[in-house]
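In structure tokens below, several structures.
In what follows, chain A forms one complex with chain B and a second complex with chain C.
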Partner chain A sequence: MSEIASNDYLECLLKSWSIKPTESQSWLNQLRSQAIDRVSAQKLPTKRDEEWRFTDISSLTHLPYRPSQSECALQASDIEHLYLNEAENSLVFVDGHYSPELSKIVDQAALVIGNLPEFLSTHSATLECHLGQYATFENNVFSALNTAFLRDAALILVPKNVSVTRPIHLLFIATQQEVTSYPRCLLIGETGSNVTIIEDYVALQDATYITNSVTEISLAANAHARHIRVQRENTHAFHFANCAVSLAHASHYQSASISLGSHISRYNLDVRLLDEAAECIIDGLTLISDRQLADTHTCIDHVKPSGTSHQQHKCIVDDSAHAVFNGKIIVRPHAQRTNSSQSSRNLLLSSAAQIDTKPQLEIFADDVKCAHGATVGQLEQEEIFYLESRGLSELAARNLLTYAFGAEIISRIPVTSLRQQLEQAVLNQTQGK
Partner chain B sequence: MSAVLQSLVNQPYKHGFVTEIESDIAPKGLNEDTIRLISAKKNEPEWLLSFRLKAYQKWLTMTEPDWQNVQYPKIDFQAISYYSAPKPKKKLASMDEVDPELLRTFEKLGVPMHERAALAGVAVDVIFDSVSVATTYKQKLAEVGIIFCSISEAVHNHPELIQKYLGSVVPVGDNYFAALNSAVFTDGSFCFIPKGVKCPMDLSTYFRINTESSGQFERTLIVAEEGASVSYLEGCTAPKFDTNQLHAAVVELIALDDADIKYSTVQNWYAGDENGVGGIYNFVTKRGLAKGRNSRISWTQVETGSAITWKYPSCILRGDNSVGEFYSVAVTNNYQQADTGTKMIHLGKNTRSTIVSKGISAGHSNSSYRGLVRIAPTADGARNYSQCDSMLIGDQCGAHTFPYIQVRNNSAKVEHEASTSKIGEDQLFYFSQRGIDAEEAVSMIINGFCKDVFQQLPMEFAVEATKLLSFKLEGSVG
Partner chain C sequence: MIYENSTTILSVQGLHASINGTEILKGMDLTVKSGEIHAIMGLNGSGKSTFAKVLAGHSAYEVTAGSVQFEGKNLLELPPEERARAGVFLAFQYPIEIPGVANTQFLRLAYNTVQTQRGREELDPLEFDDFVREKMKLLDMKPDFLDRSVNEGFSGGEKKRNEILQMALLEPKLSILDETDSGLDIDALKIVANGVNQLTNKNNATILVTHYQRLLDYIVPDYVHVMQAGRIVMTGGKELALELETRGYDWISTNKHSIAGEVA
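Showing the complex of A and B:
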């Protein structure tokens, strides 16, 4: 890809943003214009960039760069099957635009939940402290683009010591073809709060489109958050996502990210443990086939002592698909008594499938416990033989073992209906063969 | 200590041996004329000159890499003199003239008496007839058909072998420093083990007595023909001081069917003083090609010296059933930096590789393991096991791991493990209640940590390496 093409592409993207939103909040306008400057200053990453060396996104520049339109023809009945029973609160975004008709909000009184513009006047000071402060766009062109185009966003603010018992569903639906949408989420968990959110990307059409999402999560002292992220875009989609998490003293973040869809997907998860005794548990599952490419980059940054992080990432790769995992763990100087573990396990189901994994440790403190492991392999012949000896066909044995491999991650998702859907997705993937 | 030793090696000449050093130094700077001059001085055939020039042209088009996890001021390649005739070293008349610090170092390392003299630069023939020893060894090797000589000698005596193999594993344009080396290398070693011959001795024994400096752009080429085997040891546990700051060597190994090459390195070059001033940049390209079926290439390294160590001894496993091994201990102290590891490129069927890397950082140093395991689509049934452990001593140092795993074949099995630890208070307490003091305890713990690698070293070096490590880390614990 030539440099000119990529610069043109970004320029055209910026120009395409005809409806320049201007808010009364000058800080928000300023944030957008900073982001626009950063977009102009950068280029689309190529395989020559270390962070993108396994993920070739040059085909992106051949796509049209229309922004999505805000009109929405969907009725609640069209998406009935996408709602989750457990979730009382659902925020629905169609092609990145908030849809009040499709959304269901019941907990209005207990917490701040809704579309960002509704709260700009009432919660301006709080929003200014958080929005755009974690997902930095200095060196990230996708995050910069999202911020430049920032308008609608899912906002959840859980007040002090409030515990939200039922999960909150953030549903992002793609309906338009050949457009780019910019979903955005901001979760602020105040001291001692507790919440579960489900970030869900789905498509109701079968053509190419681009999703460029940014999620920011900030947890104050002793706050708990569970973050379940399901990416089930169609297989022609391009999905670029950045998620930045900031953890204060003794806060607890637990995430599960499941990547099933997209032609090319890239998920960056940055977790910063900014104060002592913060804890995070990060699970990931990538399940891809055909010519899909799924790239997950995570960075867990232990800034202060006594932090804990546990990460487990699994990839199941079939056909000519290509999975990339890069997991970085940083232990800063003086972040003593850090306890960190990471495992990357990869299952190759076909001879043309590809895996690139790089578990990376950068440690600057001596009193720490850090370990990582990575394995790549296929299903064990002995295990298949064992199941065959119990009367299962070879196909059934393979399916069962593959399912079990993925189920370890899925079984930890606390939302029953979603778990069942995902289990079904894993079964469909393995049984199609 | 280091300053004393530095001044020792830099002492002006005063003991009466003749030398014409000045006349044989090429002017500083690098251009085609310098290369022609080197080639002419060494009386090289035309093909070697064109090899050098090709490398130089490549080098001009390349840019210095910047992805490494080490920092150093930019090197001015025009400020280096690329050729000087081997300097006859100043000889001391007896052991009494040797700096007592150096003798203490030998004492601690347990270097045998007669070798201490040789290493300290005492005229060895006074005590030990190195020439006759060397000749005996050479005769013994020649009897079985092994060629072991300097690269320059080999260029004249065995041009067909050099022409066939030089640059076949590390091509002239492989990387920035390899290209530079290919253009200006002055000397190095060549070793050829013919078909079916098992080398009767560790080539280390011979090499160790001859630690004459072979220059900053060293070139080593080892070829083992069908069924041959050899064990080669480079370097020495004793500290080596050199005024050249940049060392860009190239080592190529070629193993044909059923051949076995074991290459061990013990490196203890000048690491700079405790404030990180001075020290050698050790930027080396080492690569082995396991070309034949059932061939085996094994790298073992103990890296304790140099201000910066930046190298990845690699194996290209082309032959079916070939085996690659990498065992490494890298110790950094004070302001030393190390970015080292290996590449295992699996191309043949049923190829196997093992990586065991142990990094120990102390003081303000940084040590990185960077490794690549690539399983090509053709490598059915390939198997890799990697283990890289780091130990940090003190809270000012850093340990980093960058393992790249690229798998393109689903019948392959790849495993990677890494851990980080420190020497625990309770471990030290256990030792002390058994009457072992802290210094000794640390030495034993580190020994246990590095055991898997030391086991791969030839016996006598394993003993010395153990002592070397505790010596290097003296005073950094407790």
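Showing the complex of A and C:
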């Protein structure tokens, strides 16, 4: 794809959207116009960009993918199967637009939860401090686009020392064809707070579309957050997502990102441990087949001493699918006594399947514990034989082992109904043949 | 125990097998009748585990000569799962860990697969739970082993007990226990031996691979065989194990198959 075509494409995207200034909030207008400037100054990444060398998104420009419409014809009964039992609070976005009818909010007294525009006048100062401050768009055209189009967004602010016992479900549903939607989430965990959010991408149609999402999470001192992210778009979708996490003193971030859907998906997760004793646990599972491509780039940045990060990423790749994992870990000069581990384990189920995995350690401190390892393989012959010797057929043995490979990540998700759905999804994929 | 007129369960004749082009088994002969317990001893690397895995059907080994009849059927033409369903059971020297699969899920799957094959009813998770807990008592295993991943993080002795638990569930005709005693403390050894003794009867048979006479105090063999360089070079009664314990293996002639006592 030539640069001209790429720039035209971005320009068309921008023009197709009439940005209505929110007069009362000049900071937000300013943020948007900065983002628009950055979109204009950048190009769509190509395989010539180091960060995108395995992921060819040129097919994106084959269709205009206009911004999605805000009309929503869905009834609660249409999406009954998508709600999660455990979640009392569900924020539902259809093609990126907030749907108050489909959402359920019960904790309005204890926390700030809802659609961003509702809080712009009451929480302006706080929002200005956080929104757009972590997911920077200087050099990221997708974040820039998302910010340029920023209007609706899931907002959760958990006040000081408040523990939210039930998980909060953020449900993003794709219904329109050949459109782009721009989901956005902001989670602010104040000092000592505790919350679990489930960011869930699903489709109720089979045609192509683009999801371009940005999630920002800011945890103050001693705050805890669990972040479960499920990407189960349809297999014609393009999914581009950026998540940026900022961790203050002794805060604790635990995430599980599950990628099942999309024709092409790219997930960037950036976690910065900005103060001492911050901790993060990052799990990832990619399970793809046919001609899917799933690219995960993570960056865990230890800025201050005594931080801990543990990362485990697994990919199961079948047919001629292609998974990419790039896991960067930075330990800055002051970040002594950092304890960091990263494991990338990959299972190839067919000879045409492909995995590119790359750990990238940039360690500038000397007193650190840093373990990392990557394996790519087929199922172990000895494991298959063990199961066969107990009466299981070779196929049943292979299916069980493949399932187990993925289930190790899923079993750590603390939401039973979601865990069961995901286990079923893995079962369907692994036993589909 | 040796019974008169008992039927032959296993008949191995002139068995040669190789792995990656290296011949490991070089003319194994062994006949096992129902009710019998056979011990196979021998130096490290003599081919005991290879023999066990060839019987169970490991695909990495190539049988180049000889025959194996199991209850009158040609065992070598069956894939491993059909051997298991037909009643061959191998307790592994090194049981495999399977993270992500709950032990109970694995045990039930194996149990139901084999039951179905034998034309019996499957058990649902609740029924199976009762059934397996009963069997676990036999081996003094704590119920929490059911919820953990198969063998993951189990101690050496716990893995061996889990193997015998599987034997108890699958009720094999022929059990091959490859060094099930290694790594067991003396209490565990007694418990496991007691479990095995309760599972043996005049309709099934057991092959014990072991390095230690100690096990044979608890599970008394009818025959003791010595393997060397891929074949059985000596066969005797249980007293042969005692003799090996004191004299080692040096004195055994590798040239001809001897009956213990003949060689001074």
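As a working rule, the second predicted complex is superposed on the first by the 430 of 433 C-alpha atoms of A that agree within 3 Å, B and C clash if a C-alpha of one lies under 4 Å from a C-alpha of the other, contacts with A are read in each partner's own complex, and residues count from 1 in each chain.
Methods note: contacts are C-beta pairs under 8 Å (C-beta built on N, C-alpha and C of every residue); 3 or more make two chains touch, one makes a residue touch a chain.
The structure presented is a predicted model; accordingly, all values stated were derived computationally and were not measured.
Peer 1: If you stack the two complexes on chain A, which partner ends up touching A:Lys369: first (chain B), second (chain C), both, or neither?
Peer 2: first
Peer 1: For A:Ile355, using the defined touch cut-off, is the partner it touches chain B, chain C, both, or neither? Pick first, second, both or neither.
Peer 2: It touches chain B, and chain C stays clear.
Peer 1: Touch test for A:Pro100: chain B only (first), chain C only (second), both, or neither?
Peer 2: Neither partner.
Peer 1: Looking at A:Gly377 after the superposition, I want to know if it touches chain B, chain C, both of them or none. Which is it: first, second, both, neither?
Peer 2: first
Peer 1: In the superposed arrangement, which partner chain does A:Pro64 touch: chain B (first), chain C (second), both, or neither?
Peer 2: neither
Peer 1: Can A:Ala407 be said to touch chain B (first), chain C (second), both, or neither?
Peer 2: In the superposition, A:Ala407 contacts chain C only.
Peer 1: As a test of reading the superposition: which chain, chain B or chain C, is in touch with more residues of chain A?
Peer 2: Comparing chain B with chain C, the partner touching more chain A residues is B.
Peer 1: Under the stated contact criterion, what part of chain A meets chain C in this complex?
Peer 2: 380-383, 385-394, 396, 400-401, 403-408, 411
Peer 1: If you look only at chain C, which of its residues touch chain A in the complex?
Peer 2: Residues of chain C touching chain A: 53, 56-60, 79-81, 83-85, 89-90, 92, 95-96, 98-101, 106, 109-110, 113-114, 117, 149, 166, 170.
Peer 1: Touching chain B in the complex: which residues of chain A?
Peer 2: Listed in rising order, the residues of chain A that touch chain B are 50, 333-334, 336, 346, 348-378.
Peer 1: Which positions of chain B touch chain A when the two form their complex?
Peer 2: 67, 375, 377, 390, 392-422
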